[in-house]
Amino acid sequence: MRKNPDSPIRQPLAVIGVTILTIWILIAIFAPLIAPSNPIAQNYGQLLPPNSHNWFGTDSVGRDVLSRVIYGARITLPLSMMLVILAMLVGTVIGAIAGYFGGWIDAALMRFTDVVLAFPGIILAMAVAAALGAELRNAVFAVVLVAWPTYARLVRGLILSSKNADYVTSSRLLGASTTRALFVDLRPNISGPVFVLAALEAGNGMLLLSGLSFLGLGARPPSAEWGAMVSAGANNFDKWWLAVFPGLAILTAVLAFNFLGDALRDILDPRTAKALRE
Amino acid sequence: MGTLKLGRNRLAAVAGALALVSSSFILQTTSSSAASGRVLVIDSEFNHKTLDPQREFEDGGNMMDRAIYDTLLTFKGNDASKPVPSIALSYNSNADSTVYTFHLRKAARFSDGTPLTSADVVYSYGRLKNIQGNPSSLMAGLTATAPDKYTVIITADQPDTAVPVKVAGPEFGIVNSKMVAAHGGYALVGADTKDKAENFLNTTSAGSGPYMLSKFSLTTEVDLIANPKYWGKQPAYSKIVIRNVTQAVQALDVQKGVANIALDLSPKQTDSLSGVNVTAGVSTTVWFLYSNANPTISSVTSDPNFQSAVRYALNYSDLTAFAGKGSIQAAGIIPSAFQGSLKPADATKQNIALAKADLAKTAYKGEPIGLRYWGGGAWEGISFDDFATVISSQLAAVGINLKLEPTPVGDALTTYRNGTDTMGLWFWGPDWPDSSNYSQNFGPGKKVGLRAGWAASAAPEITKLINAVAIESDPKKRAAQYRQFQLDLNANSPFIPLIQSPAILVSTKSVIGIATNPIWKVNLTELK
Amino acid sequence: MTLLEVRDLSVQLQTKTGFATAVDRLSFTVNEGEILGIAGESGSGKTMTALTLLGLLPQHAKVSGSAKFNGQELIGLSSKEWQKFRGAQIAMVFQDPMTSLHPMLSIKAQMTEHMVTHLGISQQQALVDAEELLADVRIPDPKKALNSYAGQFSGGMRQRICIAMALACKPKLLLADEPSTALDVTVQAGILTLLNRLRKEHQLSIIFITHDLGVLSSITNKLLVLYAGREAESGSTSTILQLPRHPYTQGLLDSLPQPDSNEKLLKSIAGFPPELGKQPIGCAFAERCKFAAATCSGDELLPTYLADSHKFICAVDPFAGLSINQVRP
Amino acid sequence: MKDLLARRSSSEKSGGLRGNSLSTFVIRRIAIGILLMLGITLISFSVTQLVPGDPAALNLGQSAMSDPTIVAAWRAKYGLDKPVPEQYIIYIDHLLHGDLGLSQQSRRPVSSDLAEYFPATLELATIAIFFSLIFGLLFGVIAAITRNRWPDQIIRFVTLTGVSVPTFWLSLVFFYLFYFKLSWFPSNGRLDPGTDAPSTITGMYTFDALFHGQFNLCWQAFRHLMLPAIVLAIYTIAVLTRFTRASILEILHNDYVRAARAKGLPESHVIRRHVLRPALLSIVTVAGVAFGNLLAGSVLVENVFSWPGIGQYAYRSSIGLDLPGIMGVSIVVAGIFIVMNLLVDIAYRFIDPSLRHG
């Protein structure tokens, strides 16, 4: 297999993904400028269908749905980023320790990883979120708790395969410390795949987080969280705009991450791409 | 979504009469021409926990038990204040309302053919009292005796003008005493541990009403079939299916004719429906806010000036607009249908200036005050989350900063009952349809009063009034006292009555004779 | 009698940047009962040539020129027509016996499926024949072998099975793509002996592809040396091995281990072949060639023909004085 | 796809597709399974320890809490008066006796609640895995065969959308569209209102009805299953499509496929026999994992469709903070997941001749 020389920009899906993400990030940053109204102000008639003034209609207490969707980006995007980074950190550290030290440390950590993976993610997250109390912060924690093993697996595998590479061995022979080996010699080989995994996982994390909010285990009213907004829409099928727009917001944001992650995986060399798939 | 759907019992083992119906049964969901074999499908959010009449205390259970068990007296249509004869053909009471004598009809029979006698009434009432379940307080101070086979005498320790309306409640449903006793029922003192008949009553109906239970599940479906041995006129529908369906789906089902009646729709959900009948009325459910009067819970919320600030900061017309068509402002804690309720003119009106002035007298500095409510919950189509959101934004306008605390219903009820919440948003539906239900709960040191941190010694004037109204036998004087009680409450108490929710029934065009009743929502036996 | 006549065969493969020439105007013939060796480093177009003769190139590959098999033109056949040739007239044995047998299908199934397709015989007959074939390639206990799976055999045994499978439909031409490279030296010899014997017994023609000129020397009659998709040198095996005229052929010979030498390190040719599609117009080997001169690049080079069908393409011809019977047409 | 494979635990891969004999392999796999199960109980036990507040208050109702003898008895039963490690041992002992605790909401043992709700979810997940396999294979094969051409690109786009769409939202949209607007499917619930369920054998209505020869009832139950099963399956269909495509492409690169083509076999024969067979085998291995995911995914679907299964039970338990209920669901689903993987791995050893004789 020859190496694919393409840059991510050449991949149409990656371009679409980056574009959508950029739009959402801009929306999140400039929400106060873009949003036609305060997302928690009950400024309008209740349950108005989309019209020239409220493009996405209004909700059951007269808030502008468009403004809430726009402000929702300020909740969902940073939280998704945060949980991806946290899961990545935790998973990488555990995977690195397991892969580098091997032996019983590896065995113990990997069994633990297996156990967490054996749990149905959503249900474990529900249990943890419920046990800690329905709050967005706890929901993020719950999602991190079920998301890190994927990274740990990947990092461990990558370390195992590159640990004995010549440059690492020689650096160790020269008396380099363990931390040096982990952070200087091995890091470049690991960071690429880990970031691709993070891009792929961001979408899943976002889905899980909004799912918890939908189930009433995440965001609290009156915050404009997309999952919670869909949940409100679930009480009013006839008022389709309540659920459809925040749902589309989740869909597009998750799709953007998945497009990006998928395209990034393709431009990694095939062996790493395979490691990612496993 | 909101209401709790709790556990569920094994599907009913369906015997005897059901086999006649079910084996050759053809499902009809929409209007049907044949009078016999008509099926009524009702969509509802299940909130019942049992169908044992002496244990159930929720309106879902009320509706079903009303159809299965007869009571001495009952109500007609949407009226819940004037009892009419049922098993008792007539009754009379002594002058000071302590002794009531009921004369029973002789034709009444249970579904197994056994005649209904005064012994069954005494057994049922005794069981209600001694089981010490949720509704047992209804029998507090009352004793039932049977001087002969067709006479029942109820004596009250203290004057109790509410006895006739109480016995019309489904909790006073009369069970077949022999049958229930044979299946673990126990009606004497000690029934709280000795009575084992609940499961039996969830699988088999032991009543004399027009319907019998044919299938019972706490989470999915309850089926009723017409009682072929019913002593009165056979009901119009031979089978009634009550399904557990979320509000949103109810709206779809009833429009498609999959369901004939939707019980839990809000006015806003109904305004866009087409091809259905909407029966609207005001319910007897009163929503209220409380600001805990216990200084150890909060020095802020216990300050009468703070309570007053909250009271005058609220925009009541916006609240009723939020609740939708059919809702009205609750002028006092007693709903409009009952004796002694306040006139709309007596209701609190928004006064921002006054609210700000009162707030200024307090030590409140804008710190967040927790408002506890049933997160995700909805009642009569009103979402707790939305309602709390509206209230918090109104209070924010005068500088009161609420921190919403949506909580699973079980936990929310616990802290509410323990009286540890700083503020709470709740509703009250009457246990029995009489104003006494309010004076005995919302006073200082009373059940709900204590939940709001209102100690018995807090307002001696009001306590005196409550004691006076309890023994007053003149209805006119009673009404005046109830009004005074509520005016006092509105002037200085932790309670702020908000609205009475609308009562709405949505039905397909085929359903005739539907009326909203505050006790059992809809009387299934009246439908045509 | 000529079995296969290839004229000006070119293959272009699609890459991200356009079409790249993998095989460049190749011409050669194979007579009945003859073994032609094709030599070259990996990427020199050997395997691509073989795949072209089987119609197994990627769908978007462009093929031009002519390849006549028994007088019938192969280039431009439809995929249906190819199916009739493949396996039946022309068969192939691949480099790695460990991977070219299906791990999840029994040897029986793999031996007989094309016999039933091509020869139109019954499954029972095919089984009988398959057993004979396995015996023929010296598989012990052929009956048991038929019911076994690839994983149960050693590499050498697997290659014998592959050869038996290739011969199942009695093809006239066998393409052997490095059939012994992946095997141990002793096993290698066995396979070569087997092929040589089968050639005689079955009147088979073989195109033997390898990078190892040493292997070719023992069994082939004719030799074709490829570099970067182009012919570098061709002629009879003995001539070329004794007196190679192309520096590349010399380089390949030098890289063989010398049995009589004590040198442990092999002399390999420095550098790498040009990337696909980036062959220069002149000599593609020039940049690695220690004899390279100005004449090597620029114009297209003309072949030099010698006696005994010996032919090479080199502008410098550094070994010129060493050969005899130099003839220019 | 990563998701599915990620959940195939490393032990299952390293833990020895290359064992010596079948029996040692099976024993080793079972041992690993038991180890995982223990780990699961440890985690669920830890989660219950996470809860702030008094577990007795969580597990007993308010009325029971007011009775000190009941509280003391409960504490003694669950060993709350003992040190934490000992509590864990007691917890395991209860689990081994099938005691998952008492549901706070239904006031019944969680195990009997689950026994009641599980068949509905099992039926849903079974139909969903059926859909997933059929369509996942179909689309995956199409995508692999038309690699990088327009059908493949379309499938890639659609599957990426499939894994990105929030299931809970899709349930709402599909229910509104296909039930309310288009009337293609019946309303929610497992049967039409008022219809009696077939007498219980498995608790799965389609199967039970079939068994009793009630074909109309079976069809009715199936119609009710369709829409939630489709919604539930969409994510899995997308994942299996991508997985199928990847494994077929990987197999197509194998020498043995080229060797099969070189034998002059018709292309359809090559694909069916030489490519699809091994691909199917690897798909079967992830189907076990996918099934576990479907069981868990029911949480987000059942509520909208009023489907009385463990998903709705888990949802109600979590909003009602009924920890025994929700932990019961996760232990059961995780247990099924582990058992499925075990079975798949053992089955794999039997199906794959190269391993059987390896």
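Letters A, B, C and D mark the chains as written, and numbering starts fresh at 1 in each.
In the analysis below, a contact is a pair of C-beta atoms (placed from the backbone, for glycine too) under 8 Å apart; a residue touches a chain by one contact, two chains touch by 3 or more.
If you're wondering where the values come from, they're calculated on a predicted model, not measured in any experiment.
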item	value
Any chain that touches chain D and chain B	A
Pair of chains joined by the greatest number of C-beta pairs in contact	A-D
Most central chain, judged by mean C-alpha position against the global CA mean	D
Mean-CA-position distance for chain B and chain A (Å)	46
CA centroid of chain A to CA centroid of chain D, Å	23
Intercentroid distance (Cα basis), chain D paired with chain C, Å	52
Touching two or more other chains - residue numbers and ranges from chain D	175-176, 180, 304, 319, 321
Per-residue overlap in chain B, given as positions that touch at least 2 other chains	1, 246, 249, 252, 375-376, 408
Residues of chain C whose C-beta touches two or more other chains	none
Chain A - residues contacting chain D, complex	13, 110-124, 126-134, 149-150, 153, 197, 200, 203-204, 207, 210-211, 214-217, 227, 230-231, 233-234, 237, 240, 243-244, 247, 250-251, 254-255, 257-259, 262, 276-278
Partner chain D, residues of chain B touching it in the complex	1, 4-8, 10-11, 14, 22, 25, 27, 29, 39, 41, 215, 217-221, 223, 239, 241, 243-246, 249, 252-253, 255-256, 258-259, 375-376, 408-411, 413-414, 417
Chain A contact footprint on chain B (complex, rising order)	1-2, 246-249, 251-252, 268-269, 272-273, 321-322, 375-376, 378, 383, 385-386, 388-390, 392-393, 404, 406, 408
Contact set on chain C toward chain D in their complex	54, 56, 79, 82-88, 91-92, 94-96, 99-106, 109-110, 113-114, 117-118, 148-152, 162, 165-166, 169
Touch list for chain A against partner chain B, complex	40-42, 46-47, 60-61, 134, 216, 220-222, 231-232, 234-239
